[in-house]
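Since the structure comes first, as structure tokens, the remarks are kept for the end.
All chains are identified by letter, namely A, B and C, in their written order; residue positions are counted from 1 within each chain.
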């Protein structure tokens, strides 16, 4: 008779032994007393909610979903998942117009891109900001990420797609909304880097927004549709010669790999191992000697690396760091592990602005002390937050690598 | 209303602070008698607090014991009215597994209906929708009006009402002997376990409501009740896996009931005769744990991988039918003995047998006899008059009105105290701060209990508030509660010693299931209490009084 | 990725071993699944609080020879252990952690119950007493932060008064703390410390306590000061006319967490890689050698090293796992010393020695664990995953963690002849 070999129920909150470690590392608790904290909101609350749903507390919305509690937990409790699942299951608040706009990154993005110059000017104007602040409760101190005129996908089809087929080896690319609508340059850098090491890039066919903002804004139906669709289309890319699908956003990566099954119940087991951050994939190739990077002699930069919260959860910061450390002209400092405070759409909400900035304060202070040329980070929303809150420019490690390599020499070395 | 006698003379003295004793005290007080209740430990420490907490519909007894079944369904409906804050209307399912005889189901349903118990046959699929944790292999299911009842709350509410009507309650007082006047018992000798003082109390009628310990009481009175202690072990799981009571649809056997109660659920029981001299030291054996688990997972397969937080055992007060000196013929029904007619001892009656479900009926029968002896004609009203806590709003109604930030501690205390929760101070952040984080017990609630609910120590506090009943079993809250106890009782040394006893009492339920997370929890608890607090560095606690035999 | 040494577990033992190796020029990686038991520290390191007969050893070095051969200290050898004991204060100072106390003797600390307990070295918060019944002060002001429930002033004052100290208990309210208290559960040591780290708050606190001083010679405070800031503790100490003593609180432990942060920083500063929140879930073995390990986060990508150190802790940290019928070591499946009958795992009295605390992996005298009866050649076990000691009953957890880490690092570095390990005892 094999009884109780594992004390793990479907929801693993029972592994919590009330050690209080999670409460030490929650960035919200010290700055927002309205948030019950990860222990009460997570495993403690879950027991009470199983007793009666009325023990659900709407204050769980103050959770950033940064997962720092999960990284710290010595018991392996998925505290962040428990909190987000409870919101999806019990919250009676339906998303406001503001939340819907903030969450619909791809729909709003595609509309905005067409009219980019107008949108960019409009959201920057004072009357527009007043409307956003007063009516939509989007904080007026926020600068919206600029929309690019012309999407990454359009550039790729026009300028790059044909050349990709000349390569023998390929990787898939899930570019995400940010690269597509706001910052195609990161996508271009990625293509440049992969091409230089001998890989052609193929886009995932008709990817949708990963859905992270839909989940955090409780638009469960849309999030589910996106997740199922993405698992399907990524699956097709993977099935195509077993190519991995790479990303340049740590948050999209975590969402597709972990939030799909944990929060949305979408089975991604067929693709999970093949969904990777670009730096992890590239480092693995370099480490095994399959790929060589040759850097420009004239490259010189001082960078401070900020590991995004979701990168800490993935545990892959080391890959971005190790690749950057290979650049001879790069002086790299690693910032202390702190949350920047933006947490996607969270920091854009008027009610969260003060909290968001208070959370990020230690990070901003340390960046100022180091005074780098650029801050390096793998997450687009960390980039917005740091660029809004400090005078420093932020680059993705992929872009830093792309600008540091000697393209011709790298291409030759991997010929 | 008469107030408690200060000269130590009462109309009635009740021995035993379980549900029956407390219920009898309430009934007598409501009928205008001067009442004294004497309890050796705290209220609800015997079999009252050591069972499933199942609000029987009576279905379990429908086939084998029609009389019990009828009593249960009648009391079930009464308790749902008078003790709303102590019961939860969960409904119950009687499941037929492939290994069981489906033919039994028809017999069962007919017997239920004959006893006045609603019984509805459900499709297995429908039953699984109603309770997803049930074994998916079931071939039959019957829905009955089972529920859950919190025995601590129920007993406490009876005590509170008895006191409101003038009764006096002495806890931690033990009856050491009877005082006779010829063939009549006129009083009891009492030892106060807290102060060590001895005293005499006089009453016209003495009611023995001491459950299994009633045999010893009867012996002191010079007579004999043939009791057959039957040990029943149960396991508590860390959270609710089910919201509907699950039973097996077959003849009652081991581990065939899974009851959701407050934050947890309970599987039980085993049933074994134990010698009378062991009834004060009930410990659960590894073999019993294995039986409970292997049978329990047939009801709800997820139990095989659900964390167990404790094991505990109680003793059923089974009584031999009076005209059978061999004791082979045992009744599970209510036994009311008038020792005047039975043994020629005047002024002494015993109420025993029965079950938690029928405590009120037992109290009514005992009180009727007391009144008859005293020539009092007042009628019983306990079937109609709600208990304190259930007089005004229900916990659900209170909860619906809560909307402020951090309402959960208030919601939780309303669940525990019903409308009496309005006496708990939750006016500021200090009162709202949590002592017990697992069960959401606020500082305000702890102070309310310490001041108003006859709390002598941390174990009593746990029975009134659920402090320390969550998955950490006191690790975070015990030290906080001990600090508050020290402030209220103004005795720090007692509070420290009590903390030690409390942690040991928690361990008693944990060690039979000490593996997995429960062992981890204990290691962590030891680091904190033995390590950081240095509580293992003193005189070996072996020399101290062993932890009380508590749940 | 290839390292000289990979250490599984990032608590006291793993970090000490990693720092020693890294400072000696090795390239190390620590994989830690979550935060460590330092988070519940008493603020003191214990070495050997009690002998088997319950007596408190005064001279620690001398009593080592009386320990059974299976004890980790015996495996290190009395002479080497003594040498290591002497090195401990300097080692920690090098990591920014100042320790008080005599490294060769037991002293006494005040527990949260107010009692005096034997201990070895204290993190700087906790001045130690030489005798268990030493009078701490003539007159003491015992201070709490209003509404903080994890520090029982009554317990502390009661114990002090029994030794003749006149105590006055006060609790201090500060506006910034009131804000924290809006949350019913987060008035915890670390959250208070975080607020106190702000100079203006700390200043207000000092002013409030100063105002209350009525000639007391000692102020007793809960250890809720100086989490991330190094300035708070010296400031508190120097701001009063009276002596300041800190008493450990219920978890989380501010001095413990500060120590964890400093050690991790020292390790990373020396070039070590610390992977937090990742779990080693398997190892590839060949004969008696570990070739590589895999982790939850890295998936197919395996980590390689010449040597491996298992510093995964006991049950709490899941270095050992108990199921109803057995106890096992989950990473390598090493041989574990434990009692087969579950009834032998525990004592029914909570505060008596619990057998299960002494269960752990079996090792050779040079801390190489056994698998299927044979030692693994490039794997070492350190700290509380080891068998041979009941760390709680003995009060030897930190000492075992630090000394076995030193020893293992030296064995890996070839600073000692492993064939002679433990020989000095015989």
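Keep in mind that, in the parts below, contacts are C-beta pairs under 8 Å (C-beta built on N, C-alpha and C of every residue); 3 or more make two chains touch, one makes a residue touch a chain.
Because the structure is predicted, anything quoted here is derived from the model rather than measured.
Ranked by the number of C-beta pairs in contact, the top chain pair here is B-C.
When every chain is represented by the mean of its C-alpha atoms, the one lying closest to the mean of all protein C-alpha atoms is C. Each chain gets a centre from the mean of its Cα atoms; for chain B and chain C, those two points are 42 Å apart. Rounded to whole angstrom, the centroid-to-centroid distance between chain A and chain B, based on C-alpha atoms, equals 52 Å.
Chain A and chain C have Cα centroids lying 36 Å from one another. Within chain A, residues 3-6, 17, 19-20, 34, 36, 39-40, 44, 75 each touch two or more of the remaining chains. The multi-chain contact residues of chain C, meaning those touching 2 or more other chains, are 37, 40, 181-185, 251, 316, 318, 323-324. Shared interface positions of chain B, i.e. residues touching 2 or more other chains, are given as 290, 405-406, 434, 437, 476, 515-516, 520, 524. Chain contact summary for the complex, chain A toward chain C: residues 3-6, 17, 19-21, 23-25, 29-30, 33-37, 39-40, 44, 70-76, 273, 280, 284, 287, 312-316, 318, 322, 334.
Chain C contributes residues 1, 33-37, 39-40, 179-186, 188, 190-191, 194-195, 251-252, 257, 268, 273, 275-279, 295-301, 316-318, 323-324 to its touches with chain A in the complex. Within the complex formed with chain C, the chain B residues making contact are 283, 286, 290, 405-406, 409, 429-430, 432-435, 437, 442-443, 476, 479-480, 482-483, 486-487, 492-493, 495-496, 500, 503-504, 506-508, 511, 514-516, 519-520, 522-524, 526-538, 540-542. The touching residues of chain A, when paired with chain B in their complex, are 1, 3-10, 13-20, 34, 36, 39-40, 44-48, 50-52, 54-55, 57, 59, 75.
Residues 37, 40-42, 49-50, 111-113, 115, 117-118, 146-147, 149-150, 152, 154-155, 157-158, 178, 181-185, 187, 248, 250-251, 253, 314-316, 318, 321-324, 342-343, 345-346, 348-352, 354, 356-357, 392-393, 395, 397 of chain C are the ones that touch chain B when the two sit in their complex.
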